[in-house]
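Take a look at these structures.
Below are two complexes that have subunit A in common, paired first with subunit B and then with subunit C.
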Partner chain A sequence: MECRKENKDGVIVLVVDGAIDHETAAAFEQAVMPSLDEAEAAGTGLVFDMSGVDYMSSVGLRVLMLAAKAAKQKSISVVVAGLQATLAEIFQISRFDKIFTIYDTADAAVAGVRG
Partner chain B sequence: MTNDDKSGSGGASGKNRGEDLVGDGDETVGWSNAGPIRTIITGKGRPLSVFLLLVALVVLLGTGDLLTPWRNMGFDIQQRLHPRQAENLPVMIVEIDEKALQAYGQWPWPRTMVANLIQAITFRGALVVGLDLLFPEPDRLSLNQIAEDRDDLSDEVRNILRTVRSNDEILAGVVGRVPVVLGRAALTGDEAEVWKKASKPMPPTDLQDPSLLNVLPKADAVVTNLPVLEGNAIGLGVLNGEPDSDGIVRRVPLAMNIDGEPHAGMILEVLRVGLGSPDLMFLGQEGRVSGVRIGPTDFPTDPDARVTPYFTESLDARFVSAADVLSGRVDSILFKNRLVLVGVTGIGVVDKRATPVSPLVHGVEIQAQVLENLLYGTRLIRPAWAIWAEAALMLVLGGLVIWLMPIVKPWIPVALFVVVGGAAAVASHLAFRFGQLQLDPILPSVLSTVILLSMLGVMIAEIDRRRRTLRATLQTERIGAARIAGELQAARDIQMGILPDVSALPGVPAGIDIAAFLESAKEVGGDLYDAFMVDEKRLFFLVGDVTGKGVPASLFMALSKAMSKSAALRGPGVAMNAIIEMANDEISRENPADLFVTMFAGVIDGETGHVEFCNAGHEDPHIVSADGTVRVLECDGGPPLCVFEGFPYPKETLTLAPGETLVITTDGVTEARNTTGGFYGHDRLEVGLGRMVGEADLNAGLGTLVRDVRTFEDGADPTDDLTLMAIRFKGA
Partner chain C sequence: MQVKFWGTRGSLPVAMKADKVRGKIVQALQAARGKNLDDDQAIADFVDNELDFSVAGTYGGASSCVEIDFGNDEFVLCDMGSGLREFGFDSLRRINEGGKKGAYSFFMSHPHWDHIMGFPFFAPAFMPTNNLKIVGGHDIEFALRRQQDNPSFPVPLDWMGAPREFQVMKDGEVLDTGAFTVKIRKQPHHGDSYGYRFEKGGKTVVYTTDAEHKLDDLDDFDAHIEFMRGADLVIFDTMYSMADAISVKEDWGHSSNIVAVDMCHQAGVKHLAMFHHEPVFDDAMILQNHTETIRYEELVRPGDDVLRISCAYDGLVIDV
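Moving on to the complex of A and B:
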């Protein structure tokens, strides 16, 4: 798994590649949490660009859950963009699609967050 | 909160690594930035060995004669192995032995007898006669001396005796007629005072350079013979020659420095007279003697005017008894063209020395051997470069070991050490045999053996240390494994201990058949199921899956099960969605590890087949009809419990037709993997579910499905718990 952070128009975009599973979840978590702080500082939000992620296990979902909870406290928005079919199914089965706003592309997500 | 913990622990682990670098004490840490020279001398045991090698080098090169006794051991062995072979004997010894003393009376003999002996020797062709004897005082056996000593003689007899020539005069007459070299003894200290006389005749010993005097052994005076003898003698030589400190004669001085004047030894004087030369001269300059020039011939010597003779064994053939010479029982040309030494060897004579080859040799035979060495050029030579060759050998041996020991199997440097050391020993012995060179392979080998032992010692210590570390690591791993195994067992016990036996549930209506199966993975995943009657006709059931593994997951699973049950039993008439929302809120409050749990929960009416259910982030279950068709129960649902507090879960309903079976699974089924990493997947699951219809017993049906999953896995270790629950509505 690779994690790259970008700042698009004040919105923090976390571009994630590869699989988020038992082995990589901790690294994923370590990448996510500082990004939330940055998003809070910017007063905008955090976009997960998942277009490069081909698999996510429940421990990956847990990190997203933690991000959602932290975002709620910080009063910023966290959204997800670019889900591949496998990931979309995972979101659908776990009903995470009901608690995350999902965009087709990162750009759309940035625009959405800037609202 | 977990976030903070995690980033905190990440920072801490980085700090720990830093402490490891400083505190571990492993040498390799400090070497990472070292230059190439340091890397050459590093490696296990190398610094110590390089230091020892340098010390050994200093010892070998810097201590000079201190190591000579050690070298002599090797040189002595060489001579003992191959003593010089005497092909002919240019020097012979006439010994005044026990036989002669018995035949001619006690020693000292009257000097007339000595005169007769000298004449008998020269009569048989000797070039020169060297006397290993001293005549410092007048002979008391002279008749004129007896005339003075005895008071019982008549004047007539006394006067006649007084007219007779003394024995000394008779001997002096012989000494003046034939080539005789008289011996002298050098003295030092108090003894010498008596013999310090203003002027005495000195042998004709010249020095090419005055500095050469300094290398000659010093003495204060010499014991001289009677002037009447010395005045007639053609040669005078000192007889001294000290053995080494261990009592073995290895090097013999050819001249001495007597109170500032060079004085040739008996050996040189015999040689000079034998060669018919009027004088001799030490060659060389700046305190280094290169040899002795006698007439037209140069005889090379060691730089300190000594000769290291290559000894033969003691040879009886060199000796002729004075008795036989005096009685004429020897060949008339026995001494022709030979140098002859005369010495006393009879009982009571203590002039015996050891040589490297023989334990007891008469001093006079050592002189004879030195003469042979000079005449034949067989003296042993320790060349100036020998010490450098030996140092090089030591560096090669030590270097081989230091270089190779840490990088190859230890027997290789040891074998090379033996081969190179052995080759050096053979080479130096050949140099001895065919070049009379004294090269010492033993001392360098012994010194570099210290290096070898130090390297071996350090290596053995290192191996021992590694073995101990390994043992400790193994122990730690075993403890860790035992601990983990214990935890896993604890997790499994928690999980399995709270699961109900659904086949024995009390009060289940006749219209409902229920079966459940749960098998933990090695690292217990936290699956759960539950089923119980909420009232007389309604059965509550749930299947859940906690994120995470191990003890935390199993504890959370137990909590989830308890909370769900308490919510379900809150009272009659509580809607399914209310139960789930209650459970969501309550479990969320007891969730320090931020886990979550997916859950499919429902209540089935045993009379109607009506089901109220909620899906909290769980896989949609399947419905298998009586004819074996399988369909997915598509749910609206909500996120897993604990993900979103206060989430309004939709209540959904379903009515099972008689014979229809609701099958709820966890992802342990669909995500079961085979050895090549493929998933069991939904398609296989649906095929498997279709087959269940054939089984009359629901339990057996689940068993068949589990077997199918395990067969697919083909021995791969399951990574997640595997749970199935089947509820069949048989009709009212």
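Moving on to the complex of A and C:
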């Protein structure tokens, strides 16, 4: 798994690549939490660009849930973009599609977060 | 070993209402349109092979009670939910038919109401010729006594004539009954719950319900995976969706289908039985959960070994 941070029009975009599983979940979590702080400082939100993620098990879902909870406390929005078909199914089965706003692309997500 | 489910519902028994029965009949008749169903065999085949289980059958609504038949003359049960009432009558029939005697062992997950409510209605407990052994990590005798004390029930526990023996096991303890061995494990739940790993002749069945396995509690996660390691069948609490289990229903004491599949994969389990169904769910929703869980297993399967997934229903029998 690789994680790259971008700032698009003040919105923090976390571009994630590879598999989020038991081996990589801790690294994913470590990348997410500082990004939330940055998004809070920018007063905008955080976009997970998941277009490069081909595998995610429950440990990855947990990190997303932690991010959603932290974002609620910080009064910022966290959204998800670019889910591959497999991941979209996992979101639906775990009912994460009811917790997160999901955009087709990162650009659409950035526009959505900026309102 | 043979596992028979007498009660599979979580928290509270439920019963189907008239509108749901009507809905099933309407769906069945719609599906029958244009089919040649002139003879009774054709009708039976159509019902058995062409209708969804949620239309042709039901998951049932009795609360937790599972029988494990080790092929000897004694009865072994996990929990005493409302499904125990029907088991009790069936066991008397089987004793009459020969092959079984009135010896009953119970392995109790915990004394929450949905897991003990069948006991006052367990007919064999009223017969002095039967013997009961009740094993758990809690003081189950206290819970059974209180359940039947005034003003909650007209018949106190001591009125029930079958001799009772209670045994409290400690976390991690192994009991060798001669017919099988059983290991107990303390699980995260309000007031704790206990899972049981039964082994006989190289076959393993794990009964693990009412447990909230949190993804950030790695000690519990890893220990529970070891507890389930290589099991032929795991009966697992899949009451909530993953999103609910870690948000609005966090700390309510139950796990999800997603966590069940991930843990079974890591433990190399062969067969998962989804259990302790949410009472709010109707048959169509439970079937959808089952279908989605099979799909999730396919999506995240780490190797070539397929984890078989059943959705327990009242009356289901699984040979191990």
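As a convention for this text, the second predicted complex is superposed on the first by the 115 of 115 C-alpha atoms of A that agree within 3 Å, B and C clash if a C-alpha of one lies under 4 Å from a C-alpha of the other, contacts with A are read in each partner's own complex, and residues count from 1 in each chain.
One rule holds for everything that comes next: a residue touches a chain if its C-beta (ideal position, glycine included) is under 8 Å from a C-beta of that chain, and two chains touch if they have at least 3 such contacts.
The structure presented is a predicted model; accordingly, all values stated were derived computationally and were not measured.
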Subunit B and subunit C placed together on subunit A: clash or fit? clash
(Q) Touch test for A:S94: subunit B only (first), subunit C only (second), both, or neither? (A) both
Does the superposition put A:Y55 against subunit B (first), subunit C (second), both, or neither? second
* Using the touch definition from the top, say if A:M65 reaches subunit B (first), subunit C (second), both or neither. => both
- Does subunit B (first) or subunit C (second) touch A:M33, or do both, or does neither? first
If you stack the two complexes on chain A, which partner ends up touching A:T86: first (subunit B), second (subunit C), both, or neither?
second
Subunit C stretch colliding with subunit B in the overlay (listed: 92-100, 128-136 or 308-316) is 308-316
Shared subunit A footprint, subunit B vs subunit C, residue numbers 22, 58-59, 61-62, 65, 68-69, 93-96, 98-99
Touching subunit B in the complex, subunit A uses residues 22, 26, 29-30, 32-34, 58-59, 61-62, 65-66, 68-70, 93-96, 98-99
Within their complex, subunit C touches subunit A through residues 215-216, 241-244, 246-247, 256-259, 262, 266, 292-293, 295-296, 299-300
Residue positions on subunit B within touch of subunit A in the complex are 2-3, 6-7, 10, 545, 547-549, 594-596, 598, 615-620, 637-640, 642-644, 647, 667
As the complex stands, subunit A meets subunit C at residues 22, 55, 57-59, 61-62, 65, 68-69, 86, 89-90, 92-96, 98-99
